[in-house]
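By letter and in written order, the chains are A, B and C; residue numbering begins at 1 in each of them.
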Amino acid sequence: MKVTLAQVAELVGGVLRGDGALVIEGAARLSEATSKDISFLGNPKYESQMKSTQAGALLVPPGTDTHGRPAVELKNPPYGWAKILELLDKDLRDRPRPGVHPSAVVAPTAVLGEGVSVGPCAVIEDRVVIGAGTVVQAHGFIGHDARIGRDCFFHPRVTIRERVVVGDRCIVQPGAVIGCDGFGFTFHQGRHYKVPQVGTVELGDDVEIQANTTIDRAAVGATKIGRGTKIDNLVQIAHNVEIGEDCLIVALTGVAGSAKLGRYVTLAAQVGVAGHLTIGDQVQVGGKAGVTGDVKSGEVLWGLPAHPLKDEMKTIAAARRLPRLMDDLKAIKKKLGL
Amino acid sequence: MKVTLAQVAELVGGVLRGDGALVIEGAARLSEATSKDISFLGNPKYESQMKSTQAGALLVPPGTDTHGRPAVELKNPPYGWAKILELLDKDLRDRPRPGVHPSAVVAPTAVLGEGVSVGPCAVIEDRVVIGAGTVVQAHGFIGHDARIGRDCFFHPRVTIRERVVVGDRCIVQPGAVIGCDGFGFTFHQGRHYKVPQVGTVELGDDVEIQANTTIDRAAVGATKIGRGTKIDNLVQIAHNVEIGEDCLIVALTGVAGSAKLGRYVTLAAQVGVAGHLTIGDQVQVGGKAGVTGDVKSGEVLWGLPAHPLKDEMKTIAAARRLPRLMDDLKAIKKKLGL
Amino acid sequence: MKVTLAQVAELVGGVLRGDGALVIEGAARLSEATSKDISFLGNPKYESQMKSTQAGALLVPPGTDTHGRPAVELKNPPYGWAKILELLDKDLRDRPRPGVHPSAVVAPTAVLGEGVSVGPCAVIEDRVVIGAGTVVQAHGFIGHDARIGRDCFFHPRVTIRERVVVGDRCIVQPGAVIGCDGFGFTFHQGRHYKVPQVGTVELGDDVEIQANTTIDRAAVGATKIGRGTKIDNLVQIAHNVEIGEDCLIVALTGVAGSAKLGRYVTLAAQVGVAGHLTIGDQVQVGGKAGVTGDVKSGEVLWGLPAHPLKDEMKTIAAARRLPRLMDDLKAIKKKLGL
């Protein structure tokens, strides 16, 4: 990477402040940047580092004091940061070669679009269709009759079972499993009798599934993940769940069967959502909360069972004063002769 | 799939109501079914859809109002549903071919039973014994000296480490790891010194292990999963745990070392069970609970630490009235001059 | 394994009590040991089994009543136990053969040290450097430019993405993913825009990563795991986290982005640590706790949000007396005419 600060300003759509000819060769956090690096202020928590940083240039919100350092001002520095890291990423990652590695096993009935790359020891089963430009890295598995869109990037060791449908530009990290059986049993003659899971999974465009996350196929019909939704590591999405567009679901969260989430829902880490619930749009659930009832759009929840965040904060504060309150009560009862 | 409703009644052991010659070509949920589909009423929550559904036929409990639609009545509709989905499943899944795929690596000392199927890039190490009819799909790994029963189905990317013993008819989903090292260390000279995990894992017959779940091998002896027990995605079973028969363990749950569970135990999602505990038969633990002491048979628990569900419901209700109670107390203290 | 009790005493640095010529052929838990086995007392909970055990010899703390059985006394029996299990482990595990299995795919630019073993279907990309004596078992994946130390043991199906750095003597269990993308997005024009994760992961010497755990690469810079730290199954370590030396992080725990942990920190199972926090040395966090603020060295925490364990115990005890307290309050209000 070698760009001038003027080029950076153009790339990120920001306003240049200082020497546009300054050459930037890297990007680093404020505390680690050198004079050849650009850095950024993304979290007010780190504003105190603006003075001490050794960064050669900065991406900052308009009006930030950069202590004389050249900068590019823009409303959302993290977006500019993302654009710069895209340049770095191109330098740092080997580009997968189009074509099928000789150690891969691709069924003759599979149809691969132009420029598709299939890495070492990957396995593509019968009648799979993969759109142009998609990359399946080493040890990838795509089950029969799956349909994968264009320009997806499947990191090593992705498992996509039979008949799953994936949109365009989806990114899947290592170890993720899409289309595993839902946990469906019925009690019969004293045993748990397996209900075959004959449905599938549908991922919209621009979905990202992070490492070792599992998305169960539907019992019948489809488990659906809406366009633009991003799911972090080690998340469990159960059968027949439907998640709307542009949601964020953070690590170690579980969403139980047939739950429906709206758009722009955020579930923080280690959240649980019970089965068969309906969650509205723009709902936010705090870390470790357990949602046990339907939720209206716009609500912000915490606790177990989850209720409005404000109420939970009050409940926690009161609960922690409880031991003292017990003493008060004893004194009152004594005074009243109760 | 193409069956008459009379054939369905016979298959599921139910009572035909209406035209037995009606041809069924598919199965779908009430809200998605068409006139060629059969659907079912498995959860009273969906009874309101009995009128609006477009399903051509229904599986229902005796006496259900089907609004004139042909139906099969049976006590447990989900069991009938499972039998129908078995037919669909046969249509929808490619049957693995018996034999060893040329890209698989099978040790000459491994013994494969009749009709065993080993998929692409699978690896079977020395002295492994696999019973007749078992399927090991793509990228499966079975470590040396493991003994696998008959008619098991290992989906792609299953890892079974050395010396593990698996019963008959077990199903393992992608990414599950059986026989990984337990988390055993002892503090020695200021460091955590590894205790080698030389034991193994024993799965009984008809056990199912879902995707990306991990079952640690014992330090010595065996971690044991009883016949018919089903374990959902992303569950952690630690070393030397012993789980009885016919248990259900739901996603993201962790059972710590040397805990013993009885029969018919249900652990809901994200439950934690501390180490060295004894849990009786038919115990039920609610989602996100943390079990920190021994539990008698038949108990129903919730909370952290887990205690009887009824008590936990009362505690939660009271805790959420706490902020108001604080106000009451203030008023009382004022009145009493305290 | 075939050793005399005198040899055991020497191996573990303990004091022989009884017949040093006694031959030991195995090791087992107190309840499962036979007369040819040695067993140990590691947890006082099992002291009652000292009488009934059939073990031929015992490892015990000095002064333990072994009911006349020959024994080796040492201060920390679990350490002696570990040394004995090392002998058993050598007997029980096939030693990987040095060299590259013909089905593995190793880039010509990769540099493998002396005695390195690369198992079936493993994939090693360009410019990877692997130190002497390291084992990469079946289905291992090591991305381009990764640098792996000496004498590491990577069990089957380990994923190490590009540019990750691993120290000496690290052990990684199946399904672990090291260097997957951090969960980084910025909100731009109504969508979640991906922030490329161009950093890496650095594991110190003697680190162990258990099965299906995920360690995200940094956005920029490195996610760091200190020497001697052990991380259990199904743990999520987010981007730019820095964990000190000799920590223990138990199953299903999540540590959010940019959190910093000191040395000798213990996080019990299913703990959550929020992002951008600083946790001191020797901090202990109880199971299922959620840490939401900075923590000073030496603190012992529990609860959500986590606070001192003692306070949490009092809060729980008080909360569970709440329903009765509510009745008291009603009586008081009635008496006071409130």
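Note that a contact is a pair of C-beta atoms (placed from the backbone, for glycine too) under 8 Å apart; a residue touches a chain by one contact, two chains touch by 3 or more.
What you are looking at is a predicted structure, and each value in this text was computed from that prediction instead of being measured.
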Chain copies touching (subunit B, subunit C) - same or different residues, decided at half shared: different
For subunit A placed onto subunit C, the superposition rotation in degrees, Cα atoms, nearest 5: 120
Centre distance in Å when subunit B and subunit C are each reduced to the mean of their C-alpha atoms: 26
Interface hub residues of subunit A, defined as touching at least two other chains: 103, 121, 139, 157, 175, 212, 234, 252, 270, 288, 319, 322, 325, 329, 332, 336
Subunit B to subunit C touching residues, read off their complex: 103, 105, 121, 123, 125-126, 139, 141, 143-144, 157, 159, 161-163, 175, 177, 180-181, 183, 185-188, 190-198, 212, 214, 216, 219-221, 234, 236, 238, 240, 252, 254, 256, 270, 272, 274, 276, 288, 290, 304-305, 307, 311, 314-315, 317-319, 321-322, 325, 328-329, 331-332, 335-336
Subunit A residues touching subunit C - in the complex, by the definition given at the top: 27-29, 32, 43, 45, 76, 78-79, 81-82, 85-86, 88-89, 92-94, 101, 103, 119-121, 138-139, 155-157, 171, 173-175, 206, 208, 210-212, 228, 230, 232-234, 246, 248, 250-252, 269-270, 287-288, 316, 319-320, 322-323, 325-326, 329, 332-333, 336, 338
